[in-house]
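Which chain is which? They are A, B and C, in the order written, and residues in each are numbered from 1.
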Amino acid sequence: MNFTIPDLYPASAEIFVLIMACVVLLVDLVAGKSRRWMAYFLTQLTLIGAFAITLFTMDGRTVLTFANGFIDDTFSDILKLVLYFSVAVVLIYGRSYMAERRLENGEFYLLVLFATLGMMVLISASHFLTLYLGLELMSLSLYAMVAINRDSAVCTEAAMKYFVLGALASGLLLYGISMIYGATGTLELPGVRQALYFNSANSKVLVFGLVFVVAGLAFKLGVVPFHMWIPDVYQGAPTAVTLFIGSAPKLAAFAMAIRLLVMGLFELAEQWQTMLMLLAVLSIALGNLAAIAQSNLKRMLAYSAISHMGFMLLGVLSGVVAGDPRYAVPAYSSAMFYAVSYVLMSLGAFGMILLLSRAGFEAENLEDFKGLNKRSPWFAFVMMILMFSMAGIPFFVGFFAKFAVLQAVVAAGHIWLAVFAVVLSLVGAFYYLRVVKLMYFDPPADTTPIRAPFDMRLLLSANGLAVALLGAMPQAILDYCAYAFIGGR
Amino acid sequence: MDFKTFVFYFLSAILLFAAVRVITARNPVHAVLYLVLSFFTAGGLWLLLHAEFLAIMLVLVYIGAVMVLFLFVVMMLDINLERLRQGFWSNLWVGLPVAVLMVAEMALVLTGRYFGAEALPTPPPQPADYSNTKELGRIIYTDYVYPFELASVILLVAIIAAVALTLRRRKDTKYTDPSKQIAVKRNERVRMVSMPAEKE
Amino acid sequence: MDAILQPFEQFFGPAWPAVWTLVKIVLILAPLMLAVAYLTYAERKVIAYMHVRLGPNRVGPLGLLQPIADGIKLMLKEVIIPSGANKALFIFAPILSMAPALAVWAAIPFADGWVLANIDAGLLYVLAIGSMGVYGIIIAGWASNSKYAFLGSMRSAAQMVSYEIAMGFGLLSVIMVSQSLNLSDIVRQQGTGWFADKGLGFLSWNWLPLLPMMLVYFISGVAETQRAPFDVVEGESEIVAGHMIEYSGMTFALFFLAEYANMILISTLASIMFLGGWLSPVGFLPDGFFWLALKIAFFLFVYLWIRATFPRYRYDQIMRLGWKVFVPLTLVWVLVVGVWMMSPWNIWK
């Protein structure tokens, strides 16, 4: 038996997060109810520490470790940095909300940490097994977080729906993976790609497996026709949890798509691009149209998430044109740009709902935003920036994200697809602008002064400004995303 | 047909029967018991494939522990079957064609020669002292140590989630603390009173 | 031996292996059933003497025919099936509790080479089949359509699952030191070591270095077989007889037989895992089945002794002992043994 200790250095951030999660578990047990802040600060410390570790171990090399189960490349490093950042923001926004509803217990922070760990594993997976385990670690933590307000029937129902559909999706994914394993004889993603490259026959079984893999992926991304859980879960979960679900897991799902489809099944691009095209078209159409009919802001943002994910898929599906992978890097980096900027906007939008909520009151209906300008001109302005950016109005970051993706689509030759996407995002602009109209032109329905912790106000303002200012330098971000793919893939 | 093939078909027949009964049984407890039967026969099939360790683990973990708890819960539920059956026929019109279509597609794909037994080489026979438990242990703790650890983290999360979602400390519950019970000293329970003897 | 079997082998021809296996099964089960019968007698006698009573003394000399009389009585009594019961499962439950209790014996070595099926993962087989016995009890409780029976089966399900964990971890340390899952190998490994070379074999057995695990294993075994003081499942004074309340005649007898067969099994396993099985305690006496029988008898006596001595545990105390004491203890001990084996003081090389 020859066994060497695997190279732990590339996975040091994961190991750190795992150890710290166990520390938080023990500390919270000992500290008890009166010293809950310890769990909070330790969690934030963990995220900062992981950020530092990932930053300092980032060297542009691609390293495989743990018997090729773990990959450390630029793509994973950059995504992880954004991930830590967004989770930290979620915690700052969500803390007072959870505390006011007596939901701020140690388990909440633990589940956040474990979900983060799951996403990190998912982002760094180079093996079907680790990919699946990372996905499950993330999903299991999320299911529990949705149900964390266990006395609320809506909450429990949302968690049940999420759990049952999520389990179904995992089943589909596993079934597809087993087919691909049967056809290629390996579970390692680079190995799968190699096997496909050298052996292009037997594509029948492969496409069969691919259908299931894409279906499982679509469930996790929440794109039509696998989107049914999104509105209910977004609406039913406590808003702080919705904020979490709506931000970081989107990055993880994007990473999963890239790992599975690009890293593993790249040779089947022709097939999966067609499937993704169908998913994207349906999502953009349904997401934008259904959002118009919503009076609940959380539900509206859920449908907007569906359409945004569809938009992101547009980038993923325009990488290969007629077997020519020339446009791959710009296309995938545009999708990554889209994912990152969507996370930023979604953080801000849900952060606004949290800002207006207070003990015993959920500011989740559109009416609650009426006349926000009168109550707080500054935050009305921040919300306006966020809504403009989500709608894709120039010159905010959302516009450039849409622009980059559309550029990739056009480069891939799908002109009609680009036209379709633009038309529907114009339709979608209606419901974003409706929020702006309510804030500025309607009298306030509720005149309670806005109270929120200082750190949250500061961060939310910074978030809004970032959405505005990052729009000034889209090329730099795009280059950075491209660097992720050139350095890594 | 040699003995081994006979055993294979015998077990497969039971497995299929049990699996079908799992979804058609009217009584949920019966369904769970059929599921146990199908696990057991599946374990038998694995034994035929020389996967003793996995077969025994299937019986030990799934039948011995997981299904016991499952049965425990199902027995306590009062499931109203009539209400569950409502809408079955109206949904069947949509569900059945989809299911038939999927089965047909799967059959088309999978009956091809690609997944036939001929496509897979027969593994070489192992020597008599070959222990697949040892081999599995070796590979789990070396090559697959990372997935193995991840699986353990997932189980930890499951524990945390279960505790977070179900643990309630009710104020009106009466319970005794055994460590306090044990720590009781004689002096705390018995009071010695010295009394002068009474005379009639 | 071969010379004696030769004519039979010729007579049966190709069916011989099957016939020979059946003969061996009978050779194991017949003495086992006899042992079960006389264990009930021993129980009544031992407990009686501990209570300063006489115990059964009417049927035959010293009451020695009592178990036979009991057996005949149970066989002749009517089997009553309650009207609200689920008939098929009601009949099936005792069989399901009896079958695993017998099937387990296939992998038990009685002496060097005396084993029906020398399975590589014999210990796991024993644990796996043994864990199926609980279904008989659960199904009996459910199928009887009676509240007491149902309560009993609920209690047993929770109890069996809880103690199986402690039991499994307790055995894990034995597996670690003997590096094998084969029961014969585990015994043979106990015959080696510094003391065994000096002729003091009993000091080389696992009981000495793994003493806490032996205690945990045996106590968990008592809980697994639902004997006093862990007999809340039957709890004569609270839920009358738990899952067996609606059973009568032969169906009841099957539960009874299974329970006693399981007691013997736990004692046998404890002897094999911790007391060196068929090995002789000292070098100058030969090994053999006799020693195993003696060790089994010792553990069975402890069973009865405990029953005569301790009051019944409360239900929450049982759960506490299993989950909060035994499981952590065994987990730590597995770690301790692991470190011990990696250290220079490893005695199991």
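Here, a contact is a pair of C-beta atoms (placed from the backbone, for glycine too) under 8 Å apart; a residue touches a chain by one contact, two chains touch by 3 or more.
Keep in mind that this is a model prediction, so the values were computed, not measured.
Most remote from chain B, judged by the distance between CA-atom centroids, is A. The central chain here, found by comparing per-chain C-alpha centres with the mean of all protein C-alpha atoms, is B.
If you average the Cα atoms of chain B and of chain C, the two centres end up 24 Å apart. Chain geometry summary: the mean Cα position of chain A and that of chain B are 33 Å apart. Distance from the chain A centre to the chain C centre is 54 Å, each centre being the mean of its Cα atoms.
Within the complex formed with chain A, the chain B residues making contact are 105-106, 109-110, 112, 114-115, 138, 142-147, 150-151, 153-154, 156-158, 160-161, 163-166. Within the complex formed with chain B, the chain C residues making contact are 89, 119-121, 124-125, 127-129, 131-132, 134-135, 138-139, 142, 150, 153-154, 157-158, 160-161, 164, 181, 316-317, 320.
Within the complex, the chain A residues that touch chain B are 1, 3, 6, 11, 18, 25, 66-67, 69-70, 105, 107-108, 110-111, 114, 117, 121, 127, 129-130, 133-134, 136-137, 140-141, 143-144, 147-148, 150, 182-183, 202, 204-205, 208. By the touch criterion given at the top, residues 29, 33, 36, 52-53, 56-57, 59-60, 63-65, 68-69, 71-72, 75-76, 131, 133, 175, 178 of chain B touch chain C in their complex.
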